[in-house]
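Here's a structure for you.
Chain naming follows the written order as A, B, C, D and E, and within any one chain the residues start at number 1.
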Amino acid sequence: MSRSSKRRIKKIGLPAESLVYTGDKKEKNPINLTLINYDATHYEERLLQQVDACLLYKQKPTITWINVDGVHDLNLIEKLGEGFAIHRLVTEDLVSIVQRPKCEDYGDYLFIVLKMLTYDARQNKIIPEQISLILGQKFLLSFQEDIQGDVFHLIRDHLRTGKGKVRHRGTDYLAYCLLDALVDNYFIILEKIGDSIDTLEEVLMRQPGQDVMEQLYQLKRELLFLHKAVWPLREVISFLLRRESSLIQDSTMPYLRDVYDHVVQAIDSIEINRDILATMLDLYLFSVSYRTNEIMKVLTIIATIFMPLTFLAGVYGMNFEHMPELSWQYGYLLIWIIMITLGVFMLYFFRKKKWI
Amino acid sequence: MSRSSKRRIKKIGLPAESLVYTGDKKEKNPINLTLINYDATHYEERLLQQVDACLLYKQKPTITWINVDGVHDLNLIEKLGEGFAIHRLVTEDLVSIVQRPKCEDYGDYLFIVLKMLTYDARQNKIIPEQISLILGQKFLLSFQEDIQGDVFHLIRDHLRTGKGKVRHRGTDYLAYCLLDALVDNYFIILEKIGDSIDTLEEVLMRQPGQDVMEQLYQLKRELLFLHKAVWPLREVISFLLRRESSLIQDSTMPYLRDVYDHVVQAIDSIEINRDILATMLDLYLFSVSYRTNEIMKVLTIIATIFMPLTFLAGVYGMNFEHMPELSWQYGYLLIWIIMITLGVFMLYFFRKKKWI
Amino acid sequence: MSRSSKRRIKKIGLPAESLVYTGDKKEKNPINLTLINYDATHYEERLLQQVDACLLYKQKPTITWINVDGVHDLNLIEKLGEGFAIHRLVTEDLVSIVQRPKCEDYGDYLFIVLKMLTYDARQNKIIPEQISLILGQKFLLSFQEDIQGDVFHLIRDHLRTGKGKVRHRGTDYLAYCLLDALVDNYFIILEKIGDSIDTLEEVLMRQPGQDVMEQLYQLKRELLFLHKAVWPLREVISFLLRRESSLIQDSTMPYLRDVYDHVVQAIDSIEINRDILATMLDLYLFSVSYRTNEIMKVLTIIATIFMPLTFLAGVYGMNFEHMPELSWQYGYLLIWIIMITLGVFMLYFFRKKKWI
Amino acid sequence: MSRSSKRRIKKIGLPAESLVYTGDKKEKNPINLTLINYDATHYEERLLQQVDACLLYKQKPTITWINVDGVHDLNLIEKLGEGFAIHRLVTEDLVSIVQRPKCEDYGDYLFIVLKMLTYDARQNKIIPEQISLILGQKFLLSFQEDIQGDVFHLIRDHLRTGKGKVRHRGTDYLAYCLLDALVDNYFIILEKIGDSIDTLEEVLMRQPGQDVMEQLYQLKRELLFLHKAVWPLREVISFLLRRESSLIQDSTMPYLRDVYDHVVQAIDSIEINRDILATMLDLYLFSVSYRTNEIMKVLTIIATIFMPLTFLAGVYGMNFEHMPELSWQYGYLLIWIIMITLGVFMLYFFRKKKWI
Amino acid sequence: MSRSSKRRIKKIGLPAESLVYTGDKKEKNPINLTLINYDATHYEERLLQQVDACLLYKQKPTITWINVDGVHDLNLIEKLGEGFAIHRLVTEDLVSIVQRPKCEDYGDYLFIVLKMLTYDARQNKIIPEQISLILGQKFLLSFQEDIQGDVFHLIRDHLRTGKGKVRHRGTDYLAYCLLDALVDNYFIILEKIGDSIDTLEEVLMRQPGQDVMEQLYQLKRELLFLHKAVWPLREVISFLLRRESSLIQDSTMPYLRDVYDHVVQAIDSIEINRDILATMLDLYLFSVSYRTNEIMKVLTIIATIFMPLTFLAGVYGMNFEHMPELSWQYGYLLIWIIMITLGVFMLYFFRKKKWI
């Protein structure tokens, strides 16, 4: 949480519309531009480091997908934005890493902000990465916060080999493919969380300790995080479904509806997992107070039996000169009888109270 | 929960629209096609294992209901889908077992996904099974995840014997009958859960232990599960009621409204049961802390009475050479009087505090 | 809860639209038909046991109110339904006791399901009874689940004596009167619950025990039950207010609005009572843990004072041959001084900690 | 709560539309009619006890405000209602004290029900009083449940002296002034509650006792009560703002919007106060269990140190004939060394566990 | 909370529309008027203390921004209001410090109330300051509650130096800049709160004490406060986005949408922080009861081991004359063996119970 606030703050104190990179990825590395130009019959792929080469493809009738890995090179982004006639505010949002998933219609193009999530197994944490799409008639620009890998390799593969329908359709179908890959990826994370919950559940049923509570807390935070990333996505896709933007063809609608279903399903899963965690917390709290209760019973039974007996023993350990009982022949036997009777009576009393 | 995520994951890494069976039912068994062709005067029932025979019935003016038990034979499903001109995405959804209940209008046909629930008494668990319907003008295709039994035997019976109105009406009425049977079945499960809650309530009022808590937890999870299956059904039916799809005749509307009422009633019951469980949890937690309090009282009373007395006894058990009290004639008597007075005073004090 | 599920289950396995009585009232008793035919100048009241006599009144220009006590005689209900041209689904709902309050417009008549509640003082429980109304232009059919008394005797009285406006108005005004009587009755139950809450509150402030918790739980369940009965009534009346069914005259609207206000008020009361119960539960739980805390203090003070003293006494009760203190002249005095000083210091320590 | 139910019940069993006074104010006192007739240049004020004198003012072109203190004189209210052609249901509502704030448009006049609240410092309780307004073109009737004082004295003052705009505007502006005075009064009550919360907060931070909990409970109930009175007022005013009733002039709209803002602000304050109380309750519960924990620590430390020591002392207090240690020269010294070592070790153990 | 109620109360008892300053800022200081007049080519800045000089700028075709620091000089505010033909109710709201953020369209101008928040590090508290904007065609009036600094210095800087677009656009863009600066400032506060939460979290995981709870409580209150200030802002901006007021140009819409996104993001952050705090509270409460449980275990183990042993030692410390065991040669050895066996058995018992 505090991370997203911190990032925004970098920008405060600068003129509105100034480009400020608000992320924390390795800013040293150069940005890679991957340009893919294709139609049903044609396929070209180039790895560039300059914007100018890209702009040449702008007029082509074939479809151009430019993927930008890393958004920290402000000059490059600015140049690209100007080259494709992107509104200044959009360019600004591209390099600002704290955006909420959203979709805006600028007439000639749609601007879509998404979150790609990866699960860092070592840190046991969800790592977000911002993906922005600019969807035009003949071009799709995608910007990834991080220069490292993504979840789109299959789509690239299909483009190269011509598998599936992606080479036969427009930019909207390509955007759908990217969306679909992102959403499918959420389910991998959901499964990891589901597994953690199942493990935790088993631990809870056996012998829970303090660390279980911290894991519960960690899982709750991760689910909050996931919820925050997935929930606005619903709005994004229903925006695409609702709006008759000429950029989205009718034939793509069923596919978007399909992604929408998946997103709703992911939200459902998140909600149910949150409910399950809440119930587990209750179960945990209960089991602690139940065990405290059990411990108290043991303590009370022991104390209630032995305190009176110890008192009695103490009495006959007193050194008064005149204690007639001490000299009785069967005094010692008698006191044992009394003490055992008392103990047995106490045990009977607790049995009746159903404590033992 | 984790199960549904796992299933979805099977598909990741494949081209969009590839058919992937995501269930875990016995994939070895062959799929059974049960074809029923009828109108008011005519009735024919065939058990097939090939798609081609089905397609012949497509053009007939009479109504054809094809029930598919098991969806793991991808070739067969694909062929059937192509035979009835079903959209590729629908075919894909048919074999994907993680769908949420939904209804989609594809013009020529409606695609409806439902969940059939059965209560496994041995495991004390709700077992879901996905039922998909494709509702055309003259045909109804139903796909069941599992090849084993369903809740539709009565409908088949009515079709065979011509009881009821089902032979006199269209596919929409047949679909209503299936829906109605599914929803009626939810009430059987709700009753089982209601019975479990009643039993639990009685146990709670008597002597609750740790296992009660685990049963509460189990019931809560089952209700969450039920909620997840029933809630979207409301949308499905209100979609059918709202949309003037020519596939749903006006005369069927009152019946759908009736099912809708039942679904709302089932949701009501689920909600109330959840509220009751929440209240029972509170009652349980309370009763544990109340009993801890009672136990503490016993312990404190015993300790408060015997600790000072044991101290006194200890004092006169000391071996100082010069302890004048020890040689008093009535010293021993006196100390008994003091100790009894002290004990009685303590008891009086606790009585005044209303502890005993 | 489980009761309503059980009732529905009676019907499963029968053809849709089959009439099945799902209640548990004394099915032996014959059904009574009370027919009241009136207009401003005319009044006739008959007690019938056959349907045919009723049907004669169907054509009359005067208003006919037929009240049916008990709905377990399926033949009679079926005949009556056919006589008044009632839709089969409505007839089915009439004899099915698990309906949720609802209102349906069938053009020629409105079908309204309501719940009459009575408070059983012996069982301390709310007893529901289903009331169904069929409101036509010139007739009103009312069906009561139970053959025993209702809350409509005053309305009958006004009809007989011509008091109030009811003789001068249509069936819609009569239906309003019935609705109003039902809703007024809810307030009697609410008052009973309010009294129970007040009593419980006083008990809570004094000395709460385990039984208080069970009463709280009981009240919560009754409020849940009431909520379930009253909440859908709001929809029913707003349906009547919204719909310009020709069966509801404009002059009746203000009266319906009045009933609507009462229902909203009843819902308000239920909600507030639920909030108060929740707060009382918190108060109760708190007071238990507060008292546990107080008890712990007493225990700890006693133990902290007497344990070290008993230890000291124990030390000088040891039988070592060489214990120089034992032979000091003022050893015994000294040990008393030490012990008293220690005790006083402990008391001072606890006073400073504000424990005493 | 139970009070409002009780009042409604007084009416049950009477014909609909019968006038029944449901309040509990001193019914002996005569009702006072205060008539104020004014326009920009003219002002007349009369104190009446008969309705007839009022009716004369009905036709006058100047504005007439009739304030009725006390609504228990049913004859008078009925006569007044008939004189001003008020719908029977309205008259009925006027004398029924359990109304929820509401606004109804009867064409010629608006009927508004409001709640005036006063804070009874002695009982530490909010006292509600029902105010009903009937707003016509040239007349405003206001009915107060109680014959004692109200919060409108300033408005009367402005009318008398001609200060402000009220003499220059219509009845709608006068109604606005009354509304504004009522809403301003809510803030006085909110401040009192705010002060109580601040005081409670300080007590909580210092040394909370059982009574704090009861005060929390009391405050929660008062806020519930306030919420119930203020929340429907929002609907009332937005009803006035929405409806283009000719009785509300456009120039009055900004004033109503202003009152609306105040009501929303009051609701905000109530909600925030409820949230703060909920948080305080958590804080309180926590602080009790935290203190229990601290007390337990003290007890356990004392017991863990002195129980083994007392045991050791007990061992050497045994009277066995053959106990070689007893006759060792440094036996006594040794046992002291052992005991002190044991005690120090225990203290070290607790320090390591961070208990001390 | 109580502060805002108190302020409102100052006004009660005065005629509606009377100007009453409800703040508590240093009322002695004179109000400063800062007038900035600019267009693309021209820039003029004046510091005034009289209203008359301002009014001269009213007719100018260039844009005039008048910033008023402090609103306690009622005469000045009134004069300014009259000079710019501001509705009396607006002027009243300007000097009333308890306004909720809102936006009202008065045709010729928009009236916007906002809250500027600053974080007082010493008091660890959010300090609100009310900012009101009156947005006309050619003028923008801004009123600040406090005469001290604000967050607009950068905007002034851009106006002076001509950086950014602000000199080239209308008053609506200027208003956007102010809004943007305010909202950006919220993120600074959110970051401070986020840091506090992170710190608290670490403390919680280590060794929590009573003060942690108070900090949690403090943070919860601050978040409530922030929520109250930010939430209505959403309505304000969506009001501006929705309404086609001619005062807001189409070219400004994307900028407003941008601010809207930021506000939604701030609300998201607040909600998530509230959820995290709630989870932390649960974690805290759990960890206290878990530690109580651990402490109880230690106590019970010690007591259960040493109480029986001490009792045994007590028995053989009794002074009965006839205690045969005392004279056994190996009696002392035997009793040690018995006691050690008993202790070991107890330890084994607790190990089996998994207490140690």
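The rule we apply is simple: a residue touches a chain if its C-beta (ideal position, glycine included) is under 8 Å from a C-beta of that chain, and two chains touch if they have at least 3 such contacts.
In this text the structure is predicted, and so the values were computed from the model without any measurement.
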{"item": "Separation of mean Cα positions, chain E and chain B [Å, integer]", "value": "42"}
{"item": "Chain B and chain C: spacing of chain centres that average the CA atoms, whole Å", "value": "26"}
{"item": "Set of chain B residues in contact with two or more other chains", "value": "285, 289, 292, 296, 299, 303, 307, 310, 314, 317-319, 323"}
{"item": "Chain contact graph, described as a line, ring, star, complete graph or other shape", "value": "ring"}
{"item": "Order of the ring members, counted from chain A so that chain E is second", "value": "A, E, D, C, B"}
{"item": "Chain A contact footprint on chain E (complex, rising order)", "value": "154, 158, 163-166, 176-177, 180, 184-185, 187-188, 190-191, 194-195, 197-198, 205, 254-255, 257-258, 261-262, 264-265, 268-269, 272-273, 275-276, 279-280, 282-283, 285-287, 289-290, 292-293, 296-297, 299-300, 303-304, 307-308, 310-311, 314-315, 317-323, 354-355"}
{"item": "Chain D - residues contacting chain C, complex", "value": "1-2, 4-6, 8-9, 11-17, 87, 89, 93, 98-100, 102, 104, 207, 210, 213-214, 216-217, 220-221, 224, 228, 281, 284-285, 288-289, 291-292, 295-296, 298-299, 302-303, 306-307, 309-310, 313-314, 316-319, 323, 325-327, 329-332, 335"}
